[in-house]
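Scroll down for the structure; my scribbles are underneath it.
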Amino acid sequence: MRKICVFVGSRANYSSIKSVMHHLKNNSKIELQVVLGSSAVLDRFGKVEDLIKKDGFKIDSKFYNNIEGENPITMSKSTGLGIIEMTMIIDNLDPEIVIVVGDRFEMMSIAIATVYTNRILVHTMGGEVTGTIDESIRHAITKFAHIHFPSNEDAKNRIIKLGEDPKFVFNFGCPRIDLVKEELRKNSVEFLEKNFNKNKGVGTQINFKEKFLLVSQHPVTTEFGKNRIHINETLEALNILKLPTIMLWPNIDAGSDEISKAIRSFREKNNCYWLSIYKNLPIAHYIHLMNTTSCLIGNSSSGIREGEFIGTPVVNIGSRQNLRHRGDNVIDVEYKKDNILKAIEDQIQINKYDSKVLYGNGNAGEKISKLLSDIKLPQIQKIINY
Amino acid sequence: MRKICVFVGSRANYSSIKSVMHHLKNNSKIELQVVLGSSAVLDRFGKVEDLIKKDGFKIDSKFYNNIEGENPITMSKSTGLGIIEMTMIIDNLDPEIVIVVGDRFEMMSIAIATVYTNRILVHTMGGEVTGTIDESIRHAITKFAHIHFPSNEDAKNRIIKLGEDPKFVFNFGCPRIDLVKEELRKNSVEFLEKNFNKNKGVGTQINFKEKFLLVSQHPVTTEFGKNRIHINETLEALNILKLPTIMLWPNIDAGSDEISKAIRSFREKNNCYWLSIYKNLPIAHYIHLMNTTSCLIGNSSSGIREGEFIGTPVVNIGSRQNLRHRGDNVIDVEYKKDNILKAIEDQIQINKYDSKVLYGNGNAGEKISKLLSDIKLPQIQKIINY
Amino acid sequence: MRKICVFVGSRANYSSIKSVMHHLKNNSKIELQVVLGSSAVLDRFGKVEDLIKKDGFKIDSKFYNNIEGENPITMSKSTGLGIIEMTMIIDNLDPEIVIVVGDRFEMMSIAIATVYTNRILVHTMGGEVTGTIDESIRHAITKFAHIHFPSNEDAKNRIIKLGEDPKFVFNFGCPRIDLVKEELRKNSVEFLEKNFNKNKGVGTQINFKEKFLLVSQHPVTTEFGKNRIHINETLEALNILKLPTIMLWPNIDAGSDEISKAIRSFREKNNCYWLSIYKNLPIAHYIHLMNTTSCLIGNSSSGIREGEFIGTPVVNIGSRQNLRHRGDNVIDVEYKKDNILKAIEDQIQINKYDSKVLYGNGNAGEKISKLLSDIKLPQIQKIINY
Amino acid sequence: MRKICVFVGSRANYSSIKSVMHHLKNNSKIELQVVLGSSAVLDRFGKVEDLIKKDGFKIDSKFYNNIEGENPITMSKSTGLGIIEMTMIIDNLDPEIVIVVGDRFEMMSIAIATVYTNRILVHTMGGEVTGTIDESIRHAITKFAHIHFPSNEDAKNRIIKLGEDPKFVFNFGCPRIDLVKEELRKNSVEFLEKNFNKNKGVGTQINFKEKFLLVSQHPVTTEFGKNRIHINETLEALNILKLPTIMLWPNIDAGSDEISKAIRSFREKNNCYWLSIYKNLPIAHYIHLMNTTSCLIGNSSSGIREGEFIGTPVVNIGSRQNLRHRGDNVIDVEYKKDNILKAIEDQIQINKYDSKVLYGNGNAGEKISKLLSDIKLPQIQKIINY
């Protein structure tokens, strides 16, 4: 049996790999190992650990590596500590293959610990183009990875241009779409009325048959120091519309504190009866909200990725998703109140865009699992293809 | 004044960047900061610190990050600790630009600490193709670096193919050649007779007017566990020739212990009157030895790089320099006693190859310094070029 | 000049050593070095860094070492990381003497980094007896320290019983009392009316001429998992009294999250119009509140230490201050709503206790500074006294 | 079953706890966990790992934490890294009790990781008095430990004077004596002739029926910088006697390099035909050498501890064993060639001293194991006894 270790570093991360984990677990030729670290072990980002256990997975090891501060200094040091911890875990669990997802800072810890100890590194969601430090991290991980599962054809071609061996680059689509497809068999308004309103935080009750907005805006690490100003532009635009709005707290990236403070301060100064803020939404809730909202606003990749499959109208703000391969459902705007307002007004006129399959059609997890159990593994020693 | 920080992690590293440091120091628009770590702070790899001070540089900070064990596990953990330490140093010294050289494991620590904290990363010697984990590290650093100084045209083209902005990729040649050119103004035999024989370790005195061999064979990290067998093939070939032989102890990479033990064990079992082993040779000594030896044997990049400029006959063994851009002076062989023996016998028939300038003509340091003081720096936020 | 390094790890820490720092800075025979770490560098515990700079001190170095999680695992790992960081700082700043305060977990990092690198360790506030892991840490630091400045005679005698050389154990009182004495030259009600009401957080305005309560209850690390239940007992007692109440958020110890959540949850379920909660109070504000409140409730050492000097009526809850040397102003109770309520009711009948000088009379900083500049330092090599 | 974790950090460490481990393993009420770290995982200090496995123990986890440099800076940083690693291991293995031995720097890592995570800490060999930083470390660990197994009555009394609860302080003798007693059932000369001469390193063959010397001199960390001078005094005294001499390489403490270099340099300058140097001797070999040598010279605690039980004549040099409780078999001298020479000459006149049982009579391991399986464990929260 092949020992394959999946690292989960955050809640978003888990959504991106859950479908793969599910199929690896049920694959008789594979022994699945699950390792948690970074924000996935922290209570304040939601009990991802509990979620994973509830979904039937066994956690083989976990580690705390996030150093407090939420600034570039601690982001870097947390990565160093992550390498130290993950190396020891690899030494103990002895996997043949380690899977990392995407481009968050902690993923570099896992990539280095894996390849420096002579294991096969598998990378999902590589080859895309975006903003922030994630852009550099993603391509650096590609240069370490032995097997690649990009989420779309554009990304696949870019990985090959980066000198990777085409024999080991596979576009099976994005495993997040697997979850979406599964979830959307249910009726979204019914689901939300039954599940969401009882779980919701402080704020007004949402009527899901009426127009409402969904906001998810995260810090941009390379714009550290300006995130406060940027989120304020969004808040001011929303405060003009005063439509019922569901907003998510920002993730743990450097700059997170700037955004949290700005939100708190804005609420103190304005009567935000229209605004409900949530720390962590279950994935299913988020999918149904995307399926129901009049417009998703912010800089989450979900607008581009799941949004295209679902057909969600999206207003994408600023540089974070720069150049990510996108469909017609997205309007891009700068960090300017007026532009944001105008774009939202345009999008809420549209009910839904047509579903597209740029990011796959919902069977990525199954295909990845099958391939990893059957493929003849590449040499540990990689060589650039040109 | 631009604050530019140069990291030196080993003796070999220092040779590769010394000429650049020299010109940065004398550049009135630049404040040079020097940071030492990894094997550069360890006595057993030669007092690189003393050497650097003697050369007139001030050391701004240093750190110990190498974890004992010399295996893949400790190589990975040392990298993690290096990130933690270098991050704190960057926080204190606050450089605008950090320069890293090449592809050794500790360089990844510096690259990550630099870009995660939003500084400009400059990379020398990128874009080459070789074996071992260095191959992956080199290209991953390229994906983090903002400005590139490859040492030859082939490497420059490869960096551009990797999606880097051609405006920030400069082939000024290899700064190591600067040292060679400077040094070869002296007469090598005279220099060695005067300086080398008094510094030499245990073993026979060398007559530099007669044929003698030079050996430098380092561990290949991706062949961890086989380095002992590999070095033995070399030793057995040498033991047939019994020509006077100057050998260097291996560097600190994972696998170093395997080679050291094999050498010790070989000496205990054989009468190696022909063999002298040295821990650390001053750079100047090594250059004159390369200029005088009948053949350089092993897997050091110096055979390919400086060797081509000097015209040294080289027998390159195994995968470590795989695919590195090379001239006619190099014969490549596998880890096989007979092949090694045959190649050496061929090379010692040739006195010297013609000098070539594939790796520059000796003014790299000056050009790099001038460019770094004058150039308009790129955006912190990198974006792939396709 | 003697180079003396003071480490500040938290806001409370700074209050305990500020008077010493002030006198060291003005001592011409001493070069003061200031190093910050742990929660002193974190925004969410108040900008201690800004405070220190505003008070006229230069910060020589700072480091982030707190690993997120706020549980026993991360408390231990943060201590390990603190050693790594502080060791490098000591290597750079090269102090002859390092001063640590008290018994918080991060102090062990400083103690180890200091004595392992052969420096003189000075310890203030040793020799006391309390609960939590701090009890063990305090005495372990005593066994590492070369010079001791306990804050009272009882503690001094205990340090000597622990085998320390009486020649290097000095009771000059507690430096916190220095701040109190200085501050109480002002009229407290006037000060608070002028300064506090404008700085206060969400909640009702306080009339300082009327009865009001002050609450400061921190987690007990050795009771991890039970802190939520414990704080609830206090909150329920307060909710019966409904007197105007000023409460502080808990410190960063393992268990902090349990208390924060309990408070938030309690506020959501009850109409706590009587309750104002503060993240960080300036020291001066806290002193005047202690001088004005009808009763200080919780488990802060300030109730025992400054409380006795000021004469504040105190209700001390649970095990955290177990056995700390205390005066008549303190009533000790268990974690039981009824007992807490009864004790508060008794204390608010009393206006003020008489001031006592168990913990010194306000010149500790001056005496410590003078002694450290003049004393012949002990041998680096300590030997137990029996 | 009680889960009890034993940490082994070095070869010497293993000798001190092996007998306890043996009895814990065979105790049906106990689940034994074995963790290795520090020099116990390094090849250059002998394959302690292989030794432990050969003795029938299963290793549950191991970690590399020794940072290269062998100076006070790296000793301190290695301790920090040890805390980080051991904390994660404790989180995974979840022992109720952790046992640490003695006073080496790495033991502080284990002690802190254990008590900060709310486990019961058991300490053997506490309460003794010696030189070096070990003196402070030992007593600091005592202040963290819940149950104490000192190796003699003097140490037991000192632990109680340190404020520990007498109910949890037990003098069952030293577990090292268990090994000695077991081993000395064999005839030492026969054993050595059969086993030692075939294992010996470079140097002359030893005739165990004639007079020969045994030397074991380790660095004194608090005398860092002077260890070279100190070992030279010993070497010069030995070079006058020119008796067959078996010497051990020094341990890994800061200063180790100074001693190694001094020995190498001395051998290069002198014809040391009388000197054989060994990296690691099996414990059994060392015991029989102690039983046969005319005199044991240096600063190893074995001279005092096992030496008294065996009756070995010992010349103890310098401050390392300062004040350790000792018998008549030891002559103490300073670091002076003449004094060392004189003391050796006196000792080799004596054949053997009478055996004493100051450090127990050979059943410590059995008693410790039994007590740990049956005792009602103390509270996690320690309180000083006065």
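Each chain carries a letter (A, B, C and D) given by its place in the written order, and its residues are counted from 1.
In this section, a residue touches a chain if its C-beta (ideal position, glycine included) is under 8 Å from a C-beta of that chain, and two chains touch if they have at least 3 such contacts.
Remember, predicted model here, so these are calculated numbers, not experimental data.
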item	value
Chain located farthest away, centre of chain C as origin (C-alpha)	B
Which of C-D and B-D has more C-beta contact pairs	C-D
Chain A and chain D: spacing of chain centres that average the CA atoms, whole Å	53
Chain C-chain D separation of Cα centroids, rounded to whole Å	40
Overlap residues in chain C, where contacts from two or more other chains coincide	73, 77, 81, 84, 88
Partner chain D, residues of chain C touching it in the complex	72-73, 75-77, 79-84, 87-88, 91, 105, 108-109, 112-113, 115-118, 129, 131-133, 135-136, 139-144, 158, 161-163, 221-222, 224, 319, 322-323, 380-384, 386
Chain C residues within the chain B interface of the complex	61-63, 81, 84-85, 88, 92
Contacting residues of chain B [partner chain D, same complex]	41-44, 64-69, 73-74, 77, 81, 257
